Each structure stands twice: as structure tokens, then as C-alpha cells.
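Chains here go by letter, A, B, C, D, E and F, matching the order in which they are written, and residues are numbered from 1 within each.
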């Protein structure tokens, strides 16, 4: 597979998971470092996320668990939102976080649940104003 | 729910995931610290793993991802084996590890894949001698 | 012990460590996820913090050290404040942080000391306005 | 304070915490890197451990918690043994580990408790053969 | 070497890496804890950074990599700025971050690249207004 | 660039850093998971290590620092050996580790220095028997 195909596959995969607005939100990276942007899309979303063998919703469970387990919360709202798009429910996200409490400790889970609560509130608020 | 019920639920849950031999393997903890053993079973497997709202195979994806993402490999063979019992395939475990390469770095994924390779080899060897 | 007893014991323990105002501050979690709130109180503060065998001030040394060593700073102001309530002095908290510099690296200790400085300043300011 | 004084203070502090045999065990580092050995003794045990303001047993609680919370187990037997010398009981070490289960996750605590169990068994065996 | 010499060497080293303004920015620590401030300067910048055997720019590569790999971003702007002063280029910093993507995972690298982009933008803006 | 070119570039890069024997040592991964092996070579060594903009020896400083800072020691002997091949001296590796003591804590540095000591001893023993 040529690199342009890897990139296109990455774009195709990420578009299934985020809104146009969210995609714009992360594409500032293209200006900071075009090479890193290419790695994120071609490798991260093309070579890895775009693989067959595991459904997108299971891949989001992995991503969310990995972020929480490493104590990395900056990209958690983005991936909670993406997870909901792949069919995971708000309740299942709470279950993931509670299991992380046991496996990665309560402090990380408390931070994650607080963030999840805010993401859900924003989404519910948007629904209401539709 | 009384504590004896939490403990029994934990035992019931863990028995779905491990062989009698594997269960014996971890129950040495009962001697080191009966109180900690009770926490593992009643809280870890009773209150958390035993919850509805997420299937056992998805819970194993979370556990395996959390262990790899934290660089904790001692309990990985146990949980790879448990994951296979909940219906996850060897191929899916490889997919989990490859996604962890992107989200938690290649060194952790290389260690995990090496361990997975050994677990699979042992299982396949057992199958042959049956 | 029945679950309502575990919960009550957790509430009793946490009330020794935080002001009513601080307790209100964390109880938003009850709305985000009542089940997770129950885990925090019944398991975290009931089963673990409420155990005999280690005094509350030593338990706070563990919590503060664990947060700093994992690079988790969000709940540090809460636990520095709780530690002071259990009888640990401001000076002892600085000692904990300096030892963490050696065991977990200077960057984590610098972040912790900055936060501790702010918590102490707020407390001293409140004392003055009494 | 001159550097030779810092070094001597470090040696004095560490000698309170380890047997002559254990001291020999770690002093191989002097051959690998004399400069690093000097840092460990002068800074680690002289400037930090040797400080007033926190008792040695509380310092060992910090060290053990920090090692477990970072998932670093190689030096845990050494520090569990040192902790016992400073007056911490076997039971209190189990309490530290159980609290780490809540704050740093069960997998780290399980590894720590397994190691603690082995250290205690070795010590008890030595006691019997006296 | 006496302690005042260690401190002076630390001050000398740090002054090569930061502007007077940045030095003022970190010296609030002197008020929070004079002892910790002394450790940072005498040990961190005197004993470690001030050592011969590795050039200052290579030492900054180590510091930046260590911060990113641990997911500690608070002191990253300070050290990116210091790295540029030791002769590392903006492009080389991007290379460090891209390599960290492979070795410590994309989420940490994404956070680091975002911060680097902001630091570079601020510096370029200052250049323009000169 | 097509994927076969990425793979070939990765092979070319890694061959500069390891002996044939060491290369054989890691290529067992090809059997465990051909896809993961391809990621390691094409992405890790082709897209990342093989990039211009940073010399191979500086890239090894990054890798070694990242492994130590994350507390991942399994691949450290491999990369210390590779670092020596790119022109880094034994003394510089000790300097990297001592700086990691300050930035990631002494326990990680002690483990790394112990491993480095063993790698150096093995290499020196080989030199003698030539």
C-alpha cells in the first residue's frame, strides 16, 4: 500500500468517529508539524485503527482504557465523544471507568468520571436545544 | 448485599474466567493476607467484574489494556488466558496489543506480544497432547 | 458486614478528614454515577481508609505519596488539606514531597510543592480573616 | 556542609536501616559508577533520608508507597526489610499495600503483596533457625 | 566541594539555560521551601546538570524526553525554551517528540507537540516585535 | 513512498545499530505476529528512526531515556548495546542514567545502572577473548 492510500484510509477511519467540527479541532496539528500530522493519520488511524480484526467500538474501549490507565486526560473528551459515535453507550463508558478504578486506582478513575460527566452534560444540553 | 454475598458473587465470576488449576495458583494470596484476598474477590471480582452493563469479554479487553498501558506484565499471562475463556480470540489479543503500541508506546507492546506468543504456544502445545 | 454498614463507615471516616464544604465539593460524583460514588465511599473510605492497623495520618502519607509518585495532581489539594486535619504539619508535607523528589523524580516534586505552597497560603489567609 | 560530611551522614543513616550483609549487597554500585554511588549515599541517604522533620519509619512508608505506585518492584524487598528495621510491623506493611490497591490499582498491590509474603517467609525462616 | 560551591555551580549552570525573567519565574520556590530550592539548585543543576561528560544540549534532550515519557507537561515549556538556548533547533525538538510517539505513545506526543507549537509561536511573536 | 520502501529503510536503519546476532534475537517477533513485526520495522525504524533531522546517537539517547523514565527495562540491554554502536560511550550512558535519577527518580536509575554495568561487563569480557 502506498503512503497516500494509508493517509486516505486514516482519514476515512477518523471521519467515522468524529464530527467535522471535532476534526477541525485536531487538525491544527497539521500546521505545527505536517510530518507528525501525517504519522497520526497514516499510522495511528490508517495502519492501526483502520485494521480489520477488531471493531471500532472495541478499539475505542482500548483507547479510553489506555488513556485513563496512563493518567492522560487531555484527549479523553475527544475519545469519549468518538466512542459514543461508534455505538458505545454513556453507561458503558461509566463501566469502563469503574473497572479502571480497580485496575489503575481510584484517583485516575475519579478524574475520568468527572470528565465523562462533563462530556455527557454538554451532549445532553445540545440535544435539548435541537 | 451482605459481604458473604459479595464474596460468593466474586468467586462465581472468577470461576467463569479461570481453570481450577489457575484458581489454585492465585489463591496463595489467601495465606499471605486473608483480608487482601477478600478485597480481591469481593471488590475486584464481585463488585466490579461481576457488574452487569458490560460483558466479560469487554471487561477482559479493559484489564489487558490497563496492564499493558501501565507496563505491568506479571499478571498478563493470567488475563490473556482468562480473555480466551471469555471468547476473545488469539487474533483479537494481538490486535489489542498492536493498538497499545500506538497508544502506550512500542516498548510495552513488544513486551506484551512476546508474552502473548508464549501463552499461545503453551496452549497450542497442550491442545496437541490431548 | 452489610453494605449499608460499609457505606456508613466510609462516611464516618471521610467526615474526620474533610470539612462539610469539602465534602459537598466531592459529592457531585453522586449525580454523575451513584454506583461509583458508592464504591468510593464504601470501598475506598469504608473498607480501606476505615481499617484499623494504620492511623489516619499514616494513611494520608500513603495517599499523598501515591498521588505524587503517579504524577496525579488533581486530588492533591484535597488530600493535603485532609492530611493537615489528621494532624500532619505543613512542614511534614514538605518533607514528604522532598523525599518524593528522590524516589519519583524532581519534576513531580516541583509540581507538588507548588500546589502545597498554594494550599498553605489559602489556609493561612483564612486564618488571618478569622 | 562539606561533601565528605554529606557522605558520612548518608552512610550513618543507611546503616540504621540495613544489615551489613544487605549493605554489601548494594555497594556493588560503587564499582559500576563511583559517582552514582556517591549521589545515592550523599544525596539520597545524606541530604534526604537523613533530614530531620520526619521519622525514619515514616520515610520508609513513603519509599515503599512510591515504589509500589510507580510499579517498581526490584528494590521493594530491600525496603520492606529496611522498614521492619525502623519499627514498622509486618501487619503495617500489609496495610500500606492494601491502601495502594485503592490508590494505585490492584495489579501493583498484588505484585507487592506477593513480594512481601516472600520477604516475611524468609525472615520467619531465619528466626526459626537461630 | 563545599555546599556553597555546589549551589554556586548550580546557579551558574541554570543561568546558561534560562533568561533572567524565567529564572525569576521559578525562584518563587525559594519562598515555599528554601530547603527544596537548595536541592533543586545544588543537586539538580549543580551535581547533575553541571557535570562534565555530557553537553548541555544533550542534557536537555534527556530532560525533555523524560518529561514527555512520564506524561509530565507542566515544566515542558520551561525546558523547551532552555533547550533552544543550548543550541537545539525547533526542528530537533519536533524530532524528539515524534520519536517519543513511538517509544511512549501518541497521546503523550500529541500533548507535547501542542505545547511546543505554542512555545514556538510565542518566541516567533517576540522576535517580530523586536 | 511505498510500504516495501518503508520496510527496507527500517531494515537498513536497524542494521546500523545491531549485530546480526542481535537482529536474529528480535526477529522471533516475525513469527508471533508478522503484522506487528512490519509495524516495528516500517514505522518504528523506517518512519521514525530513519528520519533525517536528528543523528542516530541522539535518537538512542532519546530511546534510552524514554525506557528508563517509563520504568521499562526489558529492552534496555538491546538499546544500550545499540547506543554504543552509534558512537555513544559507556561513560555517556552513565551520565544519561545519572540525569534520569534527578528527572525520573533514583529507583529507576539504580535499576538502569545495574543493567548497564552488566552490559558493559559482557562487552569487555568479549573484547578480552578476541
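Simple rule for what comes next: a contact is a pair of C-beta atoms (placed from the backbone, for glycine too) under 8 Å apart; a residue touches a chain by one contact, two chains touch by 3 or more.
The model shown is predicted, which means the values in this text are computed figures rather than measured ones.
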Each chain counted as touching subunit E and subunit F at once: A, B, C, D
Intersection of contact partners for subunit A and subunit D: B, C, E, F
Numbering shared by both copies at the subunit B-subunit A contact, with half separating same from different: same
Of all other chains, the one whose Cα centre sits farthest from subunit A: D
Of B-E and D-F, whichever chain pair has more C-beta contact pairs: D-F
Identified repeat of the E-F interface (over half of residue pairs identical), from D-E, C-D or A-D: C-D
Chain located farthest away, centre of subunit C as origin (C-alpha): F
Where subunit B and subunit C are represented by their mean Cα positions, the distance between them in whole Å: 31
Distance from the mean Cα position of subunit F to that of subunit C, given in whole angstrom: 41
In subunit D, residues with contacts to at least two other chains: 35, 39, 43-44, 51, 66-67, 70-71, 94, 98, 101-107
Subunit F partner contacts - residues on subunit A that touch it in the complex: 1-3, 6, 35, 39, 43, 47, 51
Complex contacts: residues of subunit D adjacent to subunit F: 28-29, 31-33, 35-36, 39-40, 44, 66-67, 70-72, 74-75
List of subunit D residues in touch with subunit B within their complex: 71, 94, 97-98, 101, 105-111, 113-114, 116-117, 120
Residues of subunit F touching subunit C in the complex: 102-107
Complex interface listing, subunit B residues touching subunit A: 43-44, 48-49, 51, 53-54, 58-59, 61-63, 65-70, 91-92, 94-96, 98-104
